[in-house]
Amino acid sequence: MTSTNNQVSTKTTNSALELALHKVNSVDVPQGKTIALAYSGGLDSTLCVKLAETKYHATKLYAISADVGQGEDEIKMANDNAKKLGITPIVIDIKEEFTKNWLTKAIQANSDYNGYPVSTSMTRQLIAARVAQKALELGCDALMEGSSGKGNDQYRMHNAFSLVAPGISIFVPVRDFDLTRGEEQLLMEHFGMPIDELIAGGDDKTMWCRSIASGGIGLDTELPDSIWLWLTPPTKAPDKPTTVKITWENGLPIALDGQGMPLDKLIQTLNEIGGANGIGKIDIFEDGIMGLKSREIYEAPAATILLKVHRDLEQYTLTKEEIQLKRQLDAQWAKMVYHGEWFHPLKKAIDAFIASTQEAVNGEYVVSLYKGNIDIVSRSSNSGLFFPDVRSINSESFNQKECAPAAHLRGLPYELIARRNKLAGLSQEEV
Amino acid sequence: MTSTNNQVSTKTTNSALELALHKVNSVDVPQGKTIALAYSGGLDSTLCVKLAETKYHATKLYAISADVGQGEDEIKMANDNAKKLGITPIVIDIKEEFTKNWLTKAIQANSDYNGYPVSTSMTRQLIAARVAQKALELGCDALMEGSSGKGNDQYRMHNAFSLVAPGISIFVPVRDFDLTRGEEQLLMEHFGMPIDELIAGGDDKTMWCRSIASGGIGLDTELPDSIWLWLTPPTKAPDKPTTVKITWENGLPIALDGQGMPLDKLIQTLNEIGGANGIGKIDIFEDGIMGLKSREIYEAPAATILLKVHRDLEQYTLTKEEIQLKRQLDAQWAKMVYHGEWFHPLKKAIDAFIASTQEAVNGEYVVSLYKGNIDIVSRSSNSGLFFPDVRSINSESFNQKECAPAAHLRGLPYELIARRNKLAGLSQEEV
Amino acid sequence: MTSTNNQVSTKTTNSALELALHKVNSVDVPQGKTIALAYSGGLDSTLCVKLAETKYHATKLYAISADVGQGEDEIKMANDNAKKLGITPIVIDIKEEFTKNWLTKAIQANSDYNGYPVSTSMTRQLIAARVAQKALELGCDALMEGSSGKGNDQYRMHNAFSLVAPGISIFVPVRDFDLTRGEEQLLMEHFGMPIDELIAGGDDKTMWCRSIASGGIGLDTELPDSIWLWLTPPTKAPDKPTTVKITWENGLPIALDGQGMPLDKLIQTLNEIGGANGIGKIDIFEDGIMGLKSREIYEAPAATILLKVHRDLEQYTLTKEEIQLKRQLDAQWAKMVYHGEWFHPLKKAIDAFIASTQEAVNGEYVVSLYKGNIDIVSRSSNSGLFFPDVRSINSESFNQKECAPAAHLRGLPYELIARRNKLAGLSQEEV
Amino acid sequence: MTSTNNQVSTKTTNSALELALHKVNSVDVPQGKTIALAYSGGLDSTLCVKLAETKYHATKLYAISADVGQGEDEIKMANDNAKKLGITPIVIDIKEEFTKNWLTKAIQANSDYNGYPVSTSMTRQLIAARVAQKALELGCDALMEGSSGKGNDQYRMHNAFSLVAPGISIFVPVRDFDLTRGEEQLLMEHFGMPIDELIAGGDDKTMWCRSIASGGIGLDTELPDSIWLWLTPPTKAPDKPTTVKITWENGLPIALDGQGMPLDKLIQTLNEIGGANGIGKIDIFEDGIMGLKSREIYEAPAATILLKVHRDLEQYTLTKEEIQLKRQLDAQWAKMVYHGEWFHPLKKAIDAFIASTQEAVNGEYVVSLYKGNIDIVSRSSNSGLFFPDVRSINSESFNQKECAPAAHLRGLPYELIARRNKLAGLSQEEV
């Protein structure tokens, strides 16, 4: 295998396309590798297929397609485009792994990065790890994926690739040839296979959260109703509240309205019900991995409901001290997952901390959903730490008189500070 | 001055009252002190007046009444009851101090303890500090206040008393005689001055947040519409959104719809507008100072709006790193203030941290208020750190190619972990 | 059982003793309980035996003596005094539990509270939990222990009692009768059984650390050589270094100089070797549970060596990110254990975090001990993350050129801050 | 100005040199810039001068030399080499700024990153900021510095350059041509100006700390006595302790043995005294900016003494709560400074936090220095929070009886946990 500057044909009259082709042609890449490609069937990964053939001259290309529950539409698109490309993707089904090992941890960690419940952040790492494993099995000597160089996914995939298949070549052509999204489209047209995108800038969907337009929406842009998949805007949602009962065990939802169901079905059901009642719009500034801010729009009805209830249930069943430290570690968890550190030993240690707290997080909540509002209507738990009889002024739990010395001892340091300040001539704190 | 068990007259046929009187009579208290009382005119502090006279035989009693912006109704009640008690309270006006030095810090700190924007937590400490100062000026040798022994206020006031007037006697009769709220009422009837309470368990109002029923509401109790002062429940709020523009400088709101106004007026205005649109209901589990949980109901339309916008504006104008650490220190700030540590040197140091970050927190936000929803409609700032041109895939800010080595270097530790795990025979992290 | 003010005989001519007896006599205590006493045989717990008999009129008294490895001298003293008291203690051997479940966690947590490796803080809680369990088995309805009211142990024991035997009466007579140490001695003389203390203020020894004089040493007091048990002061220690090799597995020391040994023996051996070479003196300000500072003197040669090496080995084998967060959780661990929160669910969650990190903490260290200095002479590990070939300027691990874009991308936020500051007219940070 | 691949003459018979020249020649660089070079006179920056002339064909080169107190030897070397190079450096004296604005903050922050008191980490950023300012004044359009691509300094300098002179070209030739240290030496020989290095791998000295060999020392290498500048190894240090009294004000040392002196002189004096007594050797694993570990050797007698005493003095004069949070922010401070984030707004906010705590950090300490040991012999402070009379069992500060209810209330959560666990059938925590 030699590395040469292999030329992609440039017969064209279109100067923008010429520039795109020039970008591709002006970079030397290794030739003749056996490549495993993370294939989703969208613009980026179809272009990868074309470039693997025409630019990298891959000896063999395995397009590996992961089913993480993105839904039938996306999988159909992937298959249709594969047919056009003349390839047969290897499909790996990681839906169950994603739900059982990843979403469960996200719920228990109150997953929240800048208001985003981290979704694509997770799937990219899971896909990368599984694609890299498959690549090792298949004897590949290169990995390829479709990330651009302005976003976060390149780092997420790179880390998982590096851990699972250290030393193997990693090709990220959109980034490495510095292509814009428009240039990608021109190139696909040039390759005779134009790709339509419903939403400019792309879209990524999991059952947990849908990302819309990847930071491409301006600061004052009003969001048209048409961009929502699950969401009926609050102004158009029903005039009557809908009530749902959610049952929890070990920090996880296990039943809706008393009916047990697996987590994926439960989430999908809540996406429908919550979305119909105007719940799940997220419109935030997000601090990207490289420290660049973007405005991001997400849609996540089930996640919004489940995370609100889970937090309240923790407030009910965990000690004050657990809650205070867990909130910090929850934030660290979400930051790490967002930054592509799912497989980091530190993330694993935080998981152990979180898991240790969830045994007591059991209960039943009734929530009322109404035009964007989630109201907790009733709460019960057999492992709660709320004992109103102890707190009640009328209870025998403790004699109020005990609190006089408790207040005195608690206030003792203030007497000492006052004494110190007087002795040292220090300003009395703000008083 | 001697300490004897001074008997309050017990002629009564009511056995519950007899028990209450017995509780009072069975405790020895110091006699003949010059007492400064934190007087609000409610059940607790009117009882204090009566007990100061009949039980403590105060040589002199100064009832000190603080105006922190609780509103005319409460002040009228305090005056009316004072007339009945035959006392003339000394009124200290700390509205401006509360607004300028306390609420500003609360906003900049994104004040949030378990979902509660900490309000009474602040006023109790401010009042205690000012009452203690006044007591020193007046030559008092005792301080008195009306807290019960099951709640948090006793600790808040004790700390401020201890710092400002260390060594002075502190009388907290409701707690120290172990009285229930019912017993307090019986005693006031016995003293010929029955006190009506609108809401069982009491109510405490500042412009920032109104506390309702102090933890006395059961877990399944539905909240009747009548308990709200500002709030129109979402189901009854207008069918059209109301739009407001809020202008910010140094992390503080300074104008509504372009009209500059002082913070207190701005908050009062937002309480009206926000409440009318269904915003401001808070229904949470709260971890009290003694580690006991209670269900607490609050009403805080302005606080809810301002804190949501302030957080978003920080997300816009502060660096990623400032936000991440500030969120932790914000939580610590709220915890300290809730726990009665306003005057603690550590709280002062956190204030210095927060103040240092707020210079850049400037901007203009338009929010749409609709049936409990606060939607940010537009954002602008001349000190923002959102530069879409840099992030844009089409910008010249940096060449995407630069990210290949950046991803490689960022992923290097994963290659090392993989190498270590292989050498040491350690399980590869979860893959 | 009734609660009356039971009088202990007061025939004496000694006015200090009279005061002590008055203190005892003036407090009402419950009579006729079946009491389980945490018995160590020292001044406090022998007085407890006497008071259980003469003041509490215990129906039955079980003196429960715990062997946590305090050594033969202390156990002999306990037995001798038991004989004099005419009681037969129930001995529970918790040495192995202390070593296997507690000291292991302390080492892995780099146990350090204000410089103190927390020792008595642990044993008190372990003893209290086991005594309370025994009390339940024996059908007791009261627990008794010898803590004073100025120290920390009362809280440690109370928490463990409350968890294991909630609702049972807890008697802490030294504290509850407000006795001074001198008064305790007078009372024991009065009871015909004077108790000698080698070190004024008491002494508490475990194999992990010896506490000397419990905060009773003044700020300028020079420490006489005679107070040390293991330690030869550096000035008198040998003129030649002693070298020891320590082998580690899963964050725990398992062998000295290649010879495997159980943890207790390893610690005892290092106490000898380290102490002989001037290592292990600790002289600190300690922040007590009630927020009071004291000067504390400890002696802990083995702990000093093991904790220094364990920290270095973590620096060798854990990722940068693990170390940074673990240092924070280590501090939280030590704080909780010191404050009597060993059995708290949060402490358990932190243990889970820590345990998750220790799998890779393996290696072999040679340390040189010389007149108070611990020098690490060599380090090796098969699970280290130190790969000098990668870092070396001569290695092929990565091309230095890659760092130009990495530096550019890392520095990008600074360009944006500069741009923001210029636009907003903000002061350029300190430059 | 055009960017072409300008050829440095390659007439040589030495194949290693040929490779080095090839590396230089094979990279295109911009031509004809006006360059400001951070010049120290060592191997890296002398090579920069040569390359600025022969490779970059600088229109004008300003060599800017910063005096940060590295001492006369280093300044003489810089001048001698400048003469040989035929250049006249512009000297900027930032000694006072470094001492007054940087070292003061380091002391107050208990500056410690993995055991390293951060020294070069600071000077690199200060130098870069001042060089960039000078460059702007001089109308330069490029900055140049001598960092390699395997170390940390490139990032530190890049960040400061980016903030102060955003958009200006940054040349880092050693890194950008991927040169090894040996190749640098060959090139300088080739340029007719061989450079001797006393210590292989380089050395960087400030008054605060001296870095030795920049990570180039192997894991088992014994450190020869000859590498130390200030340090007499403990085994060779005097047999008698030396005693020093250090006076502190606002968290800073202001006098030695009662004699007031400026901070730089005080540090230099303590380097002499401490070093003579075997103090100041640092031998650690350090986690570099890129996550690579290296073994680092430092020499810092004064820093070791001052930081130990400052920590103890904080333990004496600050509240427990200040100390606990400050230890976390101190760690964050050191991490940020090490990582080149001195000018980051977050670092500035942490400075504000720290400054707010130091008003009370006053006192006088006597330390005894002996063969590597620093013993605190006496402590005094007029702003201390150590009040032994309050803690003493014999004091009137508070009645021990008060602690019974305090212990009960503190233990209440454990009773609730026990109740919850029983109700929910949860395992009782570890008991």
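By letter and in written order, the chains are A, B, C and D; residue numbering begins at 1 in each of them.
FYI, contacts are C-beta pairs under 8 Å (C-beta built on N, C-alpha and C of every residue); 3 or more make two chains touch, one makes a residue touch a chain.
It should be emphasised that the depicted structure is a prediction, and the values quoted were computed from it without experimental measurement.
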Return the chains common to the contact lists of subunit C and subunit D.
A, B
Which integer distance in Å separates the CA centroid of subunit A from that of subunit C?
43
In whole angstrom, what separates the CA-based centres of subunit A and subunit B?
34
Would you give the residues of subunit A that are in contact with at least 2 other chains, written as numbers and ranges?
290-292, 319-320, 344-345, 348, 360, 385, 387, 390, 399, 401-404, 406, 408-410, 412-413, 416-417, 419
Answer with line, ring, star, complete or other to describe the graph linking chains that touch.
complete
Seen from subunit B, its contact residues with subunit A in the complex are 27, 101, 114, 129, 133, 148-150, 154-155, 158-164, 166-167, 170, 172, 174-182, 215-216, 218-220, 222, 234-235, 241, 278, 283-285, 287-288, 290-295, 312, 315-316, 319-320, 323-324, 327-328, 331, 335, 343-345, 348, 370-373, 375-380, 385-388, 390-394, 399-404, 406-408, 410-412, 414-415, 417-419, 428-431
Sort out for me which residues of subunit B touch subunit C in the complex.
317, 319-320, 359-360, 362, 382-385, 387, 390, 397-399, 401-406, 408-410, 412-413, 416-417, 419-420, 423-424, 426-427
Seen from subunit A, its contact residues with subunit C in the complex are 290-292, 318-319, 321-322, 325-326, 332, 341, 344-346, 348-357, 360, 409, 412-413, 416
